[in-house]
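Multiple structures follow.
One chain, subunit A, links the two complexes that follow: it is found with subunit B in the first and with subunit C in the second.
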Partner chain A sequence: MWKPSETSAPHPFQVMVYKEMSDHVRSWRFKILLLLILLTCMSAIYISVTNFSAAIKAEDPDGSFFFLKLFTISDKTLPPFHIFIGLLGPLLGISLGFDAVNSEQNAGTMSRIMAQPIHRDYIINSKFVAALGLISVLFFALGFLVMGLGLIFIGIPPTPGEFIRVIFFILLNILYVAFWLNLSILFSVRFRQAATSALASIAVWLFFVIFYPIIINLVAKGLIPAGEASPLQMVHYQELILNLQRIAPSQLFSDATVTLLMPSVRSLGILTMEQVYGAIPAPLPVTQSLLLIWPQLTGLVAATVLCFALSYFSFMRKEIRSR
Partner chain B sequence: MNEPIIELRGLTKKYGALTAVDNLDLSIQKGEIFGLLGPNGAGKSTTILMMLGLTEPASGSAKICGIDATRNPVEVKRKVGYLPDDIGFYDHRTGLENLLYTAQLNRIPLHEAKEKAQRLFQRIGLQGSENKKTGTYSRGMRQRLGLADVLIKNPEIIILDEPTLGIDPAGVREFLDLIVKLSREEKITVLLSSHHLHQVQKVCDRVGIFVGGKLLAEGDIASLSEKLFNKGAFTIEAGIAAAEGAEKLETALRQMDGVRSVSLQDNRLQINCLRDITVDIAGVIVASGYGLMHLSRKEYGLDDIYNRYFEGDKAYVETV
Partner chain C sequence: MFPLLLAGLLQTGFHSTTSAQNVTLYTPYTRIAVPPGQSIDYSIDVINNGKVVKNADIAVAGLPKNWTYEIKSGGWNVSRLSVLPGEKKNFSLQVQVPLKINKGTYAFQVLAKGLTQLPIAVIVSEQGTFKTEFSTGQANMEGAANSTFTYNATLRNRTADAQVYALRSFAPPGWNVTFKANYKQVSSVNVEANRTQDITIEVNPPDQLKAGKYKIPVQAATEATSANLELEAGITGSYAMELTTPQGLLSTDITAGDDKKIDLVLRNTGSAELRNIDLQSAAPANWSVTFEPKKIEKLPAGQTAQVTAVIKADKKAIAGDYVTNLEAKTPEVSSRAAFRVSVETSMIWGWMGILIILAALGGVYRLFRKYGRR
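The block that comes next holds the complex of A and B.
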């Protein structure tokens, strides 16, 4: 798609991506979200820096990872950085995608653009690529900003391991927002009214964040094994509940971030006494942490790809008429 | 004549049980202004969409400049400029930015596109508005900008779907004059769809009447009216001074050679005849002494053709 053009004019796809990006950057919506994210970022850094000395404890297995603490410390009044992002990320994704297709259709620009010598999928691809590019730039900028400020305040440079973890954490954030972006693009193809598609995306988000845990709670209460259940039954039960929780993308995201930012996390499931027997409470190397969250990453990627495939499919089958 | 620039063969489009376009055959020559005339919902827009490869036909083919529109829509869209019936622009961008975007999608280098856009703004009479946001444009201005948007890609064919909808009469005249001028000067083939017959009548070389997904008739206006009304039929209208006792005149006329039917209403006679016998009729009426007030041979415009086709007389249509 990005191969150099044979003429002096840029490839139409490139032109479209530039246009989409500049549309986003110029829009008030993006400016407001940017402000919101910057504010939470600043407050998270402020809290983690002011509580830094209190958070470092000798017996803490994560104690030597000063730098990662920047992203996870809080004083209980405000959530730490990674939870903030987990909360605002979906909002960012939804706001960049919910009117991607239907606004063009309603403005009558779709049929005009489709009459130009471009392939039909350029429209949806360019919207996705532009929004994803913007999110990537934003998150890398934010991540490095936090790192840079942290460097100034605490004066300890990150170790290579920590640096790699932060990079993966940023990539994970991008992936997570990309999922919500694709979901909202899907709704923007399905629903003609931008308000409907925004509401639908927000409904899905709220469902997973608020209602889904409640439902899981109810299910868990109903399924709880009777009093004299064997340990094996208890283990199966716990695993079932955990797996049910992991249907929610937000759970996958928080599992993955916690593992990445807290190297002492050794398992996301249940460990029996035999398994931890003789284990030294030491942090995992980066590769092991990654291995641990591999299923979560795969799940998130799959959900993202599925949403994109669905929206691509329904967009390609859609008949484009003027308004 | 040489190879037609637009050639539709057996084009059919179905939406479920509804056949929007039914086995359409049409060919348009280079440099022609063709008017596709029909009521709303006749399938005009669907036909246009199929010509651009934006919708797949159920069967049949559309060839534009010799390229199959269904198989190779991108190549077709390179040569065809399409002005949708309700054109939209990016309202938060200026008119110039909107034009440049279209130009860039057509791989016109930016500096060349800028020059061209300036020239087009002059041409469509929007100079001075190029740096205003299109959200502030009036309907007529948008339509003209739409024309510029179509022209910036140097099309061989322009397709205008209801281009005059919602513009005031003076604006319509200007707009249509502009289209004719462009077509003549730059040898652009124009396909214009409309339900406004008067506008079509004024500018089109040829029209096709399109109802219920079928092309009922095509040709220039003269040959169309001939096809429809002059199937061995001339209508002559005569006004007489006194109506009393005119029945005698009526019978006299009826007995004339070549007269098919005569009807009398108040002081007006309507005479249907096989040949043009206006002179003889005048003689008969004058000789009868009823006093001839006026005598005229009826000419048919697109209006009558239109009415004939669209409003009633379905049986007549079927026989044609």
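The block that comes next holds the complex of A and C.
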């Protein structure tokens, strides 16, 4: 699609990505969000470090994974790191994407860019790549910040397995935020007003975080099998409810984070006694944890790609006139 | 001195039977054989054949040194009995044969002074000792090295006093010898004079003992006396085996729903041949374990046998570790290998996920091609 140019001048796409990034970084919106995320993460680390000794128990199969505990310990007053990210990540993605196209259109800059001798899809691609790049840098910085502070406070280096798990956890965060970014870009293409697209994105987010579980509860009550249900029926019922919950991206994200950060999680579904008999409570290797959450990852990737494809499609079909 | 005395006694005895008297002393057991230390009870009748009441002064003469006696009748110690004419009166004579006495024949007479005498001979059947005897009917036993040998022994106190015997064994290192009296484990026993005490000696040889004959000396000793007994244990060999893998690695991984072949080694680590070795397993639910061969007829000492186990995991097994016990069993001994089986989920769904992602990306690429460059 875009090749590096043979001449010494930078490729136009590269220029556009850099410009988008600098716009983001200089904007107050990004700085406020960055501050918010940094503050919450610092408080999460503080909580996990102060409760570290109490959280390590001898009979806990995750007990030997000191480093992963940094991301999961809390003292019930404040949520741990991964819950914070699950809450604030969508906000970050939405804030970076909700006015990507429509604000430029309203300001009249879009038609000026279109006047340049570049491909039209460079505009939407560069917006996506720039935001994704920023998110990646931010999350890797946050992840390594937590690891570095953890090293200072607890003094135990991570094992290779733990390190790989943390890296995958960061990648998962980026993927999750990328989904919300693409969704808000899609809305910014669809809606002419930036406020409308922001509201639409936040509405979707609120729906999945707050209202969807309530709806699932209602549906579950309606579908519950009559009193003398066979165990098989109960299993099917529970599986149906679980699968309904997994329509929400936030559920996919929390399933995946829990499995990555708690190696003792061996299954995300319902377990029968036959499956549990003879099992030793022992942590899973990284590859097995990844295989376990592979459906969740696939779902998230597919949803992200779908949102991008839709926004790309509607942007390319959009009529852009100069004012 | 004894033969001379004997001849004299026999003569007088002959004389007494021939001289017809009105009073006769009678007992049926005039010549008996007893072991040393025995107490002999004679029941003697005084028969009055005369027409008048006879007073018989009862006495014992010619009793060897150290022998003691007691004469009783009607619950009394008596020295004179009065018998009505034509009647008889009974008294008992208790003679205590000493413990320390030579083997031989001893004689003495019971006298009714001035009336008659009764010669009695006592044959002491064995050399008397003033010591302790520690003996067993079966001092030799045979068995496997990991079995317990139980000997039944008798401790006989042939001294004049009660003794407290300390029981000790002089077994080689690694052997465990316990003494039991009256079903209780003891280190010493109290035995009254001239009494016996049954003692059970349990001998537990070390498990890895080579076949052969071993002697275990045991001793019952006091300050004054002691007795030794030498027990013998014939060891035929020990039963022991080990079920493991050639490398000793007891873990494996397996894909859910798949099977895995595990090479096992069965080693006879004992010193006896093992027969009819059964191979068994305890696996999680819906798993199956098959052995090839299922049974081993015999395995000589020190030899190893190759066994292949095929573990088939349940299709629904969750990822992670399960424990599967493989066991080799004979009537004598068993060996268990606890395998840690790491279940891995099948990669098919992983590839399916990648395919779905590729399809989505392919769709985007088609979009690029269709709309991107106009």
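Points worth noting:
Simple rule for what comes next: the second predicted complex is superposed on the first by the 319 of 323 C-alpha atoms of A that agree within 3 Å, B and C clash if a C-alpha of one lies under 4 Å from a C-alpha of the other, contacts with A are read in each partner's own complex, and residues count from 1 in each chain.
We adopt the following convention: contacts are C-beta pairs under 8 Å (C-beta built on N, C-alpha and C of every residue); 3 or more make two chains touch, one makes a residue touch a chain.
Keep in mind that what you see is a predicted model, and the values were worked out from it rather than measured.
When the two complexes are overlaid on their common chain A, residue A:Thr77 makes contact with neither subunit B nor subunit C. In the superposition on chain A, contact of A:Arg112 is made with subunit B only, not with subunit C.
Within the superposed three-chain model, A:Ser230 lies out of touch with both subunit B and subunit C [touch as defined at top].
Of the two partner chains, subunit B is the only one touched by A:Met16; subunit C is not. Of the two partner chains placed around the shared chain by superposition, neither subunit B nor subunit C is touched by A:Ser53.
Look at A:Pro295: by the touch rule set out above, it reaches subunit C but stays clear of subunit B. In the superposition on chain A, A:Tyr312 contacts subunit C only, with no contact to subunit B. Across the two superposed structures, the residue set of subunit A contacted by subunit B and also by subunit C is 119.
Contact residues of subunit B toward subunit A in the complex are 45, 49, 52, 54-55, 74-75, 77-78, 80-82, 84-92, 101-102, 104-110, 146, 149, 153, 161.
Those residues of subunit A that touch subunit C in the complex are listed here as 1, 119-121, 266-267, 271-275, 277-280, 282-285, 287-288, 291-292, 294-295, 297-298, 301-302, 305-306, 308-309, 312-313, 316-317.
Only residues 283-287, 314, 316-324, 340, 342, 344-345, 347, 349-350, 353-354, 356-357, 360-361, 363-364, 367-368, 371-374 of subunit C touch subunit A when the two sit together in their complex. Within the complex, the subunit A residues that touch subunit B are 5, 7-12, 15-16, 19, 23, 26, 107-119, 319-323.
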